[in-house]
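Have a look at the structure that comes next, please.
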Amino acid sequence: MDRSPRIATAAPQPSASPSALARRFEEVRLTSRALASPLSPEDCAIQSMPDASPTKWHLAHTTWFFETFLLAPNQPSYKAFDPAFKVLFNSYYNGVGDKHPRSERGLLSRPALSEVLAYRDHVDAAMQALLAEPLAPEVLALITLGLHHEQQHQELILTDLKHMLSRNPLRPAYQKQWPLTAVEPRKRSWIRIAGGVKEIGFEGDGFSFDNEGPRHRVFIEDFDIASNPVTHGDFIDFIEDGGYQRPELWLSMGWDAVNTRGWEAPMYWEKRDGQWHTFTLRGLAPVERNTPVCHVSFLEAEAFARWAGARLPTEAEWEIASATAPRDGNFLESGAYHPLALRDATPAGVPAQMFGDVWEWTRSDYGPYPGFEPAAGAVGEYNGKFMCGQYVLRGGSCATPSSHIRDTYRNFFPPDARWQFSGVRLARDAR
Amino acid sequence: MDRSPRIATAAPQPSASPSALARRFEEVRLTSRALASPLSPEDCAIQSMPDASPTKWHLAHTTWFFETFLLAPNQPSYKAFDPAFKVLFNSYYNGVGDKHPRSERGLLSRPALSEVLAYRDHVDAAMQALLAEPLAPEVLALITLGLHHEQQHQELILTDLKHMLSRNPLRPAYQKQWPLTAVEPRKRSWIRIAGGVKEIGFEGDGFSFDNEGPRHRVFIEDFDIASNPVTHGDFIDFIEDGGYQRPELWLSMGWDAVNTRGWEAPMYWEKRDGQWHTFTLRGLAPVERNTPVCHVSFLEAEAFARWAGARLPTEAEWEIASATAPRDGNFLESGAYHPLALRDATPAGVPAQMFGDVWEWTRSDYGPYPGFEPAAGAVGEYNGKFMCGQYVLRGGSCATPSSHIRDTYRNFFPPDARWQFSGVRLARDAR
Amino acid sequence: MDRSPRIATAAPQPSASPSALARRFEEVRLTSRALASPLSPEDCAIQSMPDASPTKWHLAHTTWFFETFLLAPNQPSYKAFDPAFKVLFNSYYNGVGDKHPRSERGLLSRPALSEVLAYRDHVDAAMQALLAEPLAPEVLALITLGLHHEQQHQELILTDLKHMLSRNPLRPAYQKQWPLTAVEPRKRSWIRIAGGVKEIGFEGDGFSFDNEGPRHRVFIEDFDIASNPVTHGDFIDFIEDGGYQRPELWLSMGWDAVNTRGWEAPMYWEKRDGQWHTFTLRGLAPVERNTPVCHVSFLEAEAFARWAGARLPTEAEWEIASATAPRDGNFLESGAYHPLALRDATPAGVPAQMFGDVWEWTRSDYGPYPGFEPAAGAVGEYNGKFMCGQYVLRGGSCATPSSHIRDTYRNFFPPDARWQFSGVRLARDAR
Amino acid sequence: MDRSPRIATAAPQPSASPSALARRFEEVRLTSRALASPLSPEDCAIQSMPDASPTKWHLAHTTWFFETFLLAPNQPSYKAFDPAFKVLFNSYYNGVGDKHPRSERGLLSRPALSEVLAYRDHVDAAMQALLAEPLAPEVLALITLGLHHEQQHQELILTDLKHMLSRNPLRPAYQKQWPLTAVEPRKRSWIRIAGGVKEIGFEGDGFSFDNEGPRHRVFIEDFDIASNPVTHGDFIDFIEDGGYQRPELWLSMGWDAVNTRGWEAPMYWEKRDGQWHTFTLRGLAPVERNTPVCHVSFLEAEAFARWAGARLPTEAEWEIASATAPRDGNFLESGAYHPLALRDATPAGVPAQMFGDVWEWTRSDYGPYPGFEPAAGAVGEYNGKFMCGQYVLRGGSCATPSSHIRDTYRNFFPPDARWQFSGVRLARDAR
């Protein structure tokens, strides 16, 4: 899924001073580069499925954003690094001209990785020069947007790379050393959340994507939310109870997927010597029962919930339930690149691990909030164009930069997508 | 789409006396047969796409329902007409055994149409004998359900047949004589509907499908609903304004459909001598500007609304707006099998043509209402299994039996489906 | 495969007097009709795969041939039965205008079977009037060609119908009564054929398709030909020896077919209660070991030959070996519609069953003979256009009219085709 | 197409002394490496279609051959470089165990190019040690085979790389400098070749693939062969005469390809500013009229011949006509990697450019010669498995090593293949 950058509906936050923004720019840009640093040119060039892009493309496309939307209009003296990149690294179908087909991104041996890194240097230098000048609020807002856009692609670098490495029979690792410590089981309980007319959606001074607003009223009934995400162990129980063989548990589209794609377990699982293993960015590893399950589709999440006698929360329920949840968690910065157990206990009555570890599927399709207005201009051209046939996920994952997530953040994927770090948190009606 | 029958969540209505039900049984069963009466054996046997079933299959499958769910369990002396039909005419994947693949329904030259009609006679006679006995409320409820199930298939007989005839270069007609009179233009206006905490969904004594309940509270803001559906003339304006060539109007999935399927107009339209014509069940006819547009997908409806500076209503908005709308309209019984103009004016401030003529796409995906509980048993086995990736349509069409529709009725199809009589009614936020 | 009629390279045979031709016309035309007489309108309308056409289409297309190539140019007063049929029943892509897509022949419920039969009557009457007049030799030749063309389609009526009936889980029969008597095993031996410079191909006064000529010299080495075709029993032995599981026996294209299509036995075979059965035009029947195997592809024939330590004959070898073979055999007229055992013994040293029962795959691709010249005009337009990627079969089958076959007759199908009555005769190098 | 190595049917030639073989080993192995030397790791890793393999795979697979068939059985002390390579770089489906799917060769970022080059060093050192020992004739024959196998892959490195680079909108060059000089037109004439009983096929002491034998007698009639291949200019004339729009010129399979794939010119052609250009390994270049056309399929060659009033030669005709033709030509060693004009005139009555420049399609399908016997053992396991559905090409191309070609050499590709340097030489019947 190409995530279109979405222009902030709110005014640029006053606190984002140019020098602070310049520091943030440097930090975000370096993070992308650091993610690629353990990789060979071949690792960065290969595309393993149409949905996933090569690391090289991500590195170039995020740079293209700053060149196209910031430097070209605002730096009269700016000289394009290579005019052909305008088409090669465009992911937009209309506003800024032609684009190279998504499914052919893996056919580009040229430009080489080294040239793409030089492109990044070229654009970064020009951007730092721009950031040293006084800039209009709209320009500052657009730079902020570009950085959030790049953070979205940082997550995709990891998930797309994981998919590519998984297709290699050698099961090669992105990084070898594994920072895991022993994981203790954790008891799951239900937490009651009071209903009524509530407000959800973004409002305020900070950055948000436009699909997070406007803030608006919804009515919800009382409900229970699970204190923790569903674990790998829970999912093994589901499998062993015939979960993938029982049509009555599945949506029609899910049962079709099970049968036509041969799903028997979450993505990346394989059985070796009778034990479930899963492919991780650190190589093949035994499935650890006491960590949140990941790489399940909406369809599997929904079947699991039915099996468990529960359901998925709506996105309004999730957002309201997250009010007291701690914001810190296992994000990209932990370097685990895999869900972990909780390191610190959460107080009773407070949901744990809502942020980080795994994106949590909700029962809500990804549609426009009441009063949603697409933003103007090329950057915002396609704000709502993905609002069909996808479902909302919340809370960020172990591949999400921690400064990128919010309680109002709406991620979305088709119901059969499994290559993101997507998991499950259960809900149920209050009884 | 195979529509699974859904068991009534309410108790069977007391007014449905056995003799009244017997009369209704006869009437509904005769209607199906009447729909097939102008057709040849070949017309009834052919399947023109996997989504559409042959008339012969519809006639047999609806009969299979009564044989399987009513006669087999409740008539100990009942002898199956042909045991092989149990598999051939089953559309359920699990609860009642094997089924013949949906996409191969058009490969069955045997049983012949005449045998299927004999099958209907055999089952009808047994059912009338059953209806003459005292029956438990659950049995009466199940018969009522079977009749609503058959009415769903009556609509599909017409839409599937239309698709099949349309694939014939001769453009043959189902019925020749055309009951249309001259059609006058009608002015469209906006009607303001007040928001707040409202209730929607079915509750009460009559029949409903279980997806219509439970009745529950929702919060909506004030909004405007269009007084009339979008017309064929409006859609010609959209086409002539480049509607099918402008990506900014379309959802991403819609733009893909436009390009990969070559959509340039609603389904069944073709240009002859510079004028738009459309294929109808009465043959090819010039497009009549002043009637509601039909055979548009959700994706086209959504693009049209964006072009018109409006949006689709949610299903809650539609249901609330329909409170004052007249229930009569152009249904199956009119014999037009095509949308017509209003015959009688609707008072100012009251939406016109909400019922009949065309199903109206809403912006709501088809999901479970809060508190939705799947019904028990084989008949209700799959109540929610289609609740993924489809959008809700409301109000019935010119192919819907008038006694089949309700204001709470939720029809649903994938966003790219066009072969139903599906149209558009606009809404907008109150300003 | 649409078989294009091919114009006779030889002059029309003098013996074909107008009155004899009129009798032959009546006879051939009645045979087609007789083949359809046990069938319902639905049986005649359905298309079960793109390669196979509905019986109704065969009945109409063969009629279209006479209307288009004989009546339209030679009968000034002739009035077309229905001008639309010109497109609907054309199988040629160019010379005579538009055609209806081959894969959509099963979508035509109209014209009804009864109308097609009326079309036949209309054209037959006009043809008999034409045949009563003095006709130019070219016209007589073209009528003869039309009759051979119709005989080709008679075979296809049976093979295409068989495929369609086989897709019905009821396994319905075309005709019930089975004319088989007990079948005795027959010993297979090798017959030595002397090589040298030989002549093959058609030359003479009678009718032939143009791909059978010109007669020309070839050089072949001495070789052995099998006295009998491979039997069903032989093929069971191959299966039980792991024939379908051993890649070393197969051509690369064959092994792909085995794996991607799940081939485990010849087409139409299924195991019931541990015994192999095969679907026949008389319903499902146990496989009879002592009759020639049929419904095998070139790829299976080739693998079988390798397993048997032999090879397929070339088409030159086949034609030369057939010199002494008896021409009578189990053809369409026997009414068996399935290979039978020999009723009369063939003398030692004379190959048996070369004609009738099953088409025999040769190792020769279907290409032009040296000096082959495409005939002129629309009828002969496509004489050579199928000469790529297909293999030659010889000898006719139980679905071939006996007056249609010759020792020079070249049938051809792609190497994976199995729905014809195609079998195997082995050859080997002389040692 | 994976070309299976084929074991020499003849004994190893006496002249191939161990030290000469060691020198040849070094030379061939260095050539492969030299072909890869201008390429980046990304260039070597990407697979642009299932038929084409990455350069890295070719480098590794040819090395795997020596490791698997020479070192493993003959060097007891040999230690595999990496046991996983046994599966990764196997292209055989059976005899030597599992293999990695052909279409997924482009998913392997690991092993890196540098590791594959180290693998080559490792195996080369062990092979040189082996070559220093006294070796059995069968071992020497197998080494010779491995070198011819590697030469086949040298050609594929260039053709597969060309395809990959062509998919990049930058149209990048493999090598920039272009060694072309001005090209003069050359008159084409017909050369009469006498027919009769002739012998073709390999026989003798040198190396050959087993599909080239046994030498055997054929009968051919007198015929004419063109003095030169069809040129790019001839093909422009064909295009401008509507060659790609006239169904009567095409085989049925060819006309399908034209329509479903949108063929309008040979592969790699594109029109820029009204002039035909073609993509070469030296970048995009204007089409040079006076050089042999390349990148045409059998289907296009056949249509062109029909348009020209001629035909393709059979492979027997080609081999017999080549008797007097000079063996030198524009091979891999020229460094042109594109067809060139003749540098030296050929005497009148002697066909020019039969060897080198472009492979020439024949009208002969690729089948077994009379008496063909598959060789024994794993190396020869699949000798005949490609003998179905492909056509023979003769003479080598500008990407073929000059020491690799023979007059009896049979190359083969499916009739729609275009990414090899394949061209056309016309023939006609003697009149």
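In order of appearance the chains are A, B, C and D, and numbering begins at 1 in each one.
We take it that contacts are C-beta pairs under 8 Å (C-beta built on N, C-alpha and C of every residue); 3 or more make two chains touch, one makes a residue touch a chain.
Here the structure is a predicted model, which is why all the values come from computation and not from measurement.
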Checklist entry - How short can a path of touching chains from subunit B to subunit D be, counted in steps? => result 2
Checklist entry - Out of curiosity, which chains are bumping into both subunit B and subunit C? => result none
Next on the checklist: Which chain has its C-alpha centroid farthest away from the centroid of subunit D?
Outcome noted: B
Checklist entry - Taking each chain's centre as the mean of its CA atoms, how far is subunit A from subunit B in angstrom? => result 38
Checklist outcome for this item: subunit A and subunit D have mean C-alpha positions lying a whole-number Å distance apart equal to 47
Next on the checklist: Report the inter-centroid distance (CA atoms only) between subunit A and subunit C in whole Å.
Outcome noted: 60
Checklist outcome for this item: Chain pairs that touch, by label, are A-B, A-D, B-C, C-D
Item to check | Residues of subunit C that touch subunit D when the two form their complex | outcome: 93-95, 197, 216-221, 247-248, 250-255, 298-299, 302, 311, 363-365, 367-368, 370-371, 381-382, 384-389, 415, 429
Next on the checklist: Looking at the complex, which residues from subunit A come into contact with subunit D?
Outcome noted: 40-46, 48, 56, 84, 87-88, 100, 104, 106-113, 164-165, 167-170, 172
